[in-house]
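Below, subunit A partners subunit B and then partners subunit C, in two separate complexes.
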Partner chain A sequence: MRAAVEMAQVGRRPPPARIRWGPVRWMAANLFNSWLNVLLTLLAAWIAWKTLSGLFMWGIWNAVFGTTPEPCRGISGACWSVVGDYWRVFLSGRYPEEERWRVYTAFLMILIMLTTSAVGTVRRTRWLPALWLMTVALVFTLVRGGVFGLRGVSTQYWGGLLITFGLSSVGLAVGMPVGVLLALGRTSNRMPVIKTVCVGFIELVRSVPFIMLLIMSSIMLPMFFPRGWDMDHLLRAQIATIMSAAANSAEITRGGLAAIGRGQLEAAKAIGLNYWKMMGLVVLPQALRHMLPVFVSMFIIFVKDTSLVVVVGLFDLLGAARLAVGNPKWMGKDIESFVFVGLVYFTICFAVSRMSRRLEAKYRVAAH
Partner chain B sequence: MVGWTLYSMFSNALANLRARGIKAGFSFLHDTDSLFVISETTRIPVPEGGFLYFLIVLSGGAAGTWLLSRYARRHRKRLADDNVLVTVAIGLLVIAPGLVLYVTGHTIRTVEYAVPSTYGMGLLTGLMNTIRLAAISVALGTLVGMVIGIARLSSNWLVRTLAGAFIEVTRNIPLLLQVFFWYFAVLRTLPPVRNSLHLGNLLILNNRGAILPHPVAEPGLAVFLASVVLGATVVFYYSRYVKLHRDRTGKALPLFWPSVGSLTVPPALATLWLGMPLSFTLAELKGFNYFGGLTLSPEFTAMLVSLTLYSGGFIAEIVRSGIQAIPRGQTEAALSIGLTRGRVLQLVILPQARRIIIPPLTANWLGTIKDTSLGVAVGYPELVAIGGTILDVSGHAMEIIGLTMFFYMLTTLLVSLFMNWYNAKVQLRT
Partner chain C sequence: MPDARPMIEFRNVSKWFGNFQVLVDINLKIACQERVVICGPSGSGKSTLIRTINRLEEHQAGKIFVDGEELTSDIKQEERIRADVGMVFQQFNLFPHMTARDNIMLGPTWVRQIPKAQARRIADELLARVGIPEQADKYPAQLSGGQQQRVAIARALAMRPKIMLFDEPTSALDPEMIKEVLDVMRELAGAGMTMIVVTHEMGFAREVADRIIFMDAGEIVEQNPPSEFFQNPRESRTKLFLSQILHH
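Our next item is the complex of A and B:
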């Protein structure tokens, strides 16, 4: 009885006053709520202030923006002129000066395709894959040249962001389907020979550093072909990226396949689908949807890992930065060059990782 | 068809090698015709005399422990639950090899790569350099990652944001770019020896690298180490007893201060009795260079710093997501039964987070071991770099690449076996 009365009184009490979060109150609750926190806050504020003010003074306030090295003498800030002078090389490597418009057009085409593909109505058309194939073929012809009166440009002059993107996206685009096949081969129990080959390839490639794969494909690959065959250096690096992409996406696919319940397989078999139809129509569409965010983060890893082609003598984005400071004119401008290239990499990878996180959230909602 | 492709590739390779006059096989490894200089060498113990005994006793101990665990399993016990079995296992794995090393330590002979030498020695030196770099950077990277990962979860907004910025910057910039940055833009632009940067005499930076004080063993070191082992053993058994007591009676015995005591008091007594176990010789400028310090080359320092930061960023993210994956209800339930915040973390959150953290952490460690191969880009003489040099000089491409791949596969296998074992140990048993 008494409890009921008390309950009734509680019910009649006004709700607790809402806390107004002013900046002072917020700081008191989040930054200065204990002695340890006060200490940590002061330390963190000091580090942040030192870093940010140092970066601002060096990178913007005292910096020189231009295209010639002369104004940089005796300044305390950054000399961004090296970027102003070399940005074309950062974009396309040692591509011939008067033909660079072809690379820029190619970048523009890819950019237009990417933005239009994001629009829902375009994305739902059946023409999209064909459109992409056409674009890729067009881009390749444009950059490679040699037909339609375009001057042929050998791959040894390709470089910069062009091959950073080229190697990683072609690597993924070719490596992913191969990886899916490898994963299917690995999980199949009826073909022991193929299974062994698949497991061997996946484990071998995954346990070896990517740099070893690059060195291997640039030294050992030519040995496997009859004498006199000369292989393109860019193609050798591309083969290494494809191998790595295939092995890694095989491992991802295996995880995706494991997430599909046995019931799905049994149901597909029960309605009389054969192996390929069961996989292609029932299992893989579901598995690939789960794996999409992982593949996006794999793309980030690949954009970063293609920087290793510097070791086998190609000039990708990072190689272009080394090329710039190798010029006596820009000697000692290593920090500016590397910081700029680092900023480019950071922007790409950060943006793509945010996209991957959004995709992940979207599919998690859709799954439940 | 696959077989035919493989066969024709193999026969092409052999034909190509024959055309260049190179014989297939591993015999080239012990011909004394390695004439290139390796900038950083490590002394390698020769498996004979004391080192051989040590290896034999250690592998015997491992085999004995394995037999013990089988014996325990047959009697439906777990090795770690039985005090007698654990004691025997520790004796076999730690104490017996330690004793052998102590008794026969003076007979260990080491060799060092010096021109002229064999290609095999060159490869071994590269292997040792890889292992040294990998071990230190894995340890430091894990430490950095733990600290930053916990800072990322701090209630302090500023600390949290700063940690987040560190994670995003280190994770989203290619490792090779970071290596180049530290090597070409920072370490190579340091002043020459005459104008070195100083932090007292403790850290000296110049364009020949970083120089730290060199630790020198004093006579009391053996006793000191023995007392540390003694303290650790006491803590080990005492914490087992505490856990057993808690499981049986529900009462918690004090653990922290007794552990601190037994870990510090015996070493302190040993130090008082026999003097400091280690002394440090500081580097001194004599003529044109510093002598007497522990010199880390610019290549090693650049690799170490960038690997530590890069893997630290990834491990921080692994730690953060592992802790955040534990549902809030766990914390709330633990708080509501009256545990303090520290105990909640120690008894409820961390044991569960550990299970989530270990698999990606293992993958990250393996990645770091593989990433040491980037040393080839700045001239740190690790396995791939030396392998590449030997390959250029001798032309034995297949053998060198095969050996290098074998090493990486072996490492991957060993680490993942160990971590799988540890993972199985901490997972929920159903």
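Our next item is the complex of A and C:
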């Protein structure tokens, strides 16, 4: 048997070496190989030069980087001093100045947890979920205060990146498991009441634009609770994000469940697994791995959609940008403020999207 | 010592898919440690028949008894019966997100509540028994068809079943891998497992089966020990089927 295999490889040899073209030759072959292409290349190059050089001159060469408005008078470039002055507001809103270190510590803790969780050996330890829960509790107590000698800071002073991250992360973290349960409820044919309730909720929440969900939850939620209790405004918005995340996750999961072949269910049943074990051990791990990129794009969409909370009186990152511009000191510096915030949004979303690609690639090898 | 009560019994069992009757008044008794091969043209209901034993399909008329217990729609009973009846599928149906060893350990750990270390030992023993101990840490996608099917057999055996059902286990395999799977099944038969095998592998049937059942259009047409079955087929449908599969 082995002799036969070895014989089959005797005639084989490695492929011919690939010739690598230098950049000049590549350009000649691809960009300048016909008169039309030469024209298009030159046109594209001119457009690129105009825009990039314009941006560079405005944003960097002629720009002023400081913290006071005086040096910005009369310049043709960007006045980044608005960022220099307001960066604390961008990060934590109208949080009391002396207590801002608490927000920064919280951010740092989350960052540390994220980076260490990405390391393979750490991820496999069974303490990780407990550690995360502890971190989240700590972060919340730290920012909220009121205990352990920390001055209480009510949510109306929270703002900026704190709210953007907080709303989207908690929204997704709570909404996703709820959504998975909703999807299971929706696909269960043995329990028609549960199925109807799940379908009703999902369709209702998904048929309404997110901004309406925010407004409705801000107005309607207090009605369900004892009169006179002013329900925390941030909590109202958080509930809206959780509901939206749950409904969308439910539909995504339903798609993923449908992609799991019947054979998997039969094999699971054949060894005696009950419904929940079958779902938890066999079906959901496969479905969720396939749906990972979709969930990540949902997170990115949430990060952007939290900018809508400005309509219910909360100040997220975008709201902070508008706050900065509203200050008469920085009148007219809208572009700089929004461009900076835009860059922050871009960085966050791009980083998350790259991370998800790496995760996808890794899971594809194992799960196939 | 095999006991007198049949391990599996069908009494006037019928099943319909919509308006189409796929099993017609099946009466069958299978004894403990008996090896039965079921063959027949496609659409004859042979796969459906064995799938009613572990209730992957439900029968609408008649009674089915597994080890003396009548099958009902009670969910708890379903799960219990399924833990004692192992099944091997034509498409293997291994869990792709788990290694070979984890596939095998799943049943004992989560259904029989066996501690992980012991389940791991069981898995490694079974992998050795089916001849692929070195593949324990590979994922199904990295294994050949024959290896995957052997892992599937090990996975079914890990539950220490009383009965093993095989639904065309070699039909999806390349010819050069059929022998390795049949060898495992031969060893299993030799060790005294009650087996019901739906297959077209007549060589295997002749060698291993105690009884061969021929089904056509939902009915059991003929059943006999292999020597009788191949040499003196009584029904014309049986003769037709045998002529089609034995001479190519």
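Operating definition for what follows: the second predicted complex is superposed on the first by the 342 of 368 C-alpha atoms of A that agree within 3 Å, B and C clash if a C-alpha of one lies under 4 Å from a C-alpha of the other, contacts with A are read in each partner's own complex, and residues count from 1 in each chain.
Rule of thumb we're sticking to: a residue touches a chain if its C-beta (ideal position, glycine included) is under 8 Å from a C-beta of that chain, and two chains touch if they have at least 3 such contacts.
Note that this is a predicted model, so its numbers are computed, not measured.
Chemist: Once the structures are superposed on A, label A:Gly263 by its partner contacts, choosing first (subunit B), second (subunit C), both or neither.
Modeler: Only subunit C; A:Gly263 stays clear of subunit B.
Chemist: Please work out whether A:Leu273 is in contact with subunit B alone, subunit C alone, both, or neither, and reply first, second, both or neither.
Modeler: A:Leu273 sits against subunit C, while subunit B stays out of touch.
Chemist: Tell me which partner touches more residues of subunit A in the superposed arrangement, subunit B or subunit C.
Modeler: Higher number of touched subunit A residues: B.
Chemist: Just checking: does A:Leu214 make contact with subunit B only, subunit C only, both, or neither of them? Give me first, second, both or neither.
Modeler: neither
Chemist: Check the residue A:Leu172 against both partner chains and state whether it touches subunit B (first), subunit C (second), both, or neither.
Modeler: The answer is neither, since A:Leu172 touches no partner chain.
Chemist: Considering only the touch criterion stated at the top, classify A:Phe346 as touching first (subunit B), second (subunit C), both, or neither.
Modeler: So A:Phe346 only meets subunit B here.
Chemist: What part of subunit A is shared between its subunit B contacts and its subunit C contacts?
Modeler: Overlap of subunit B and subunit C footprints on subunit A: empty.
Chemist: Help me check something: in the complex, which residues belonging to subunit C touch subunit A?
Modeler: 54, 56, 75, 79-80, 82-83, 85-87, 89, 91, 93-97, 106-107, 110-111, 139-141, 152, 155-156, 159
Chemist: Taking the touch rule as given, give the residues of subunit A at its contact with subunit B in the complex, in rising order.
Modeler: Against subunit B, subunit A makes touches at 30-31, 33, 37, 40-41, 44-45, 47-48, 197, 203-204, 206-212, 215-216, 219-220, 223-227, 300, 303-305, 307-308, 310-311, 318, 321-322, 325, 332, 334-335, 338-339, 341-342, 345-346, 349-350, 353.
Chemist: What part of subunit A is in contact with subunit C in the complex they form?
Modeler: 261, 263-264, 266-274, 277, 281-282, 285-286, 289, 366-368
Chemist: Which bits of subunit B are touching subunit A when the two form their complex?
Modeler: 2, 9-10, 12-13, 15-17, 19, 154-159, 162, 168-169, 171-177, 180-181, 184-185, 189, 370-371, 373-374, 376-377, 384, 388, 391, 397-398, 401, 404-405, 408-409, 412-413
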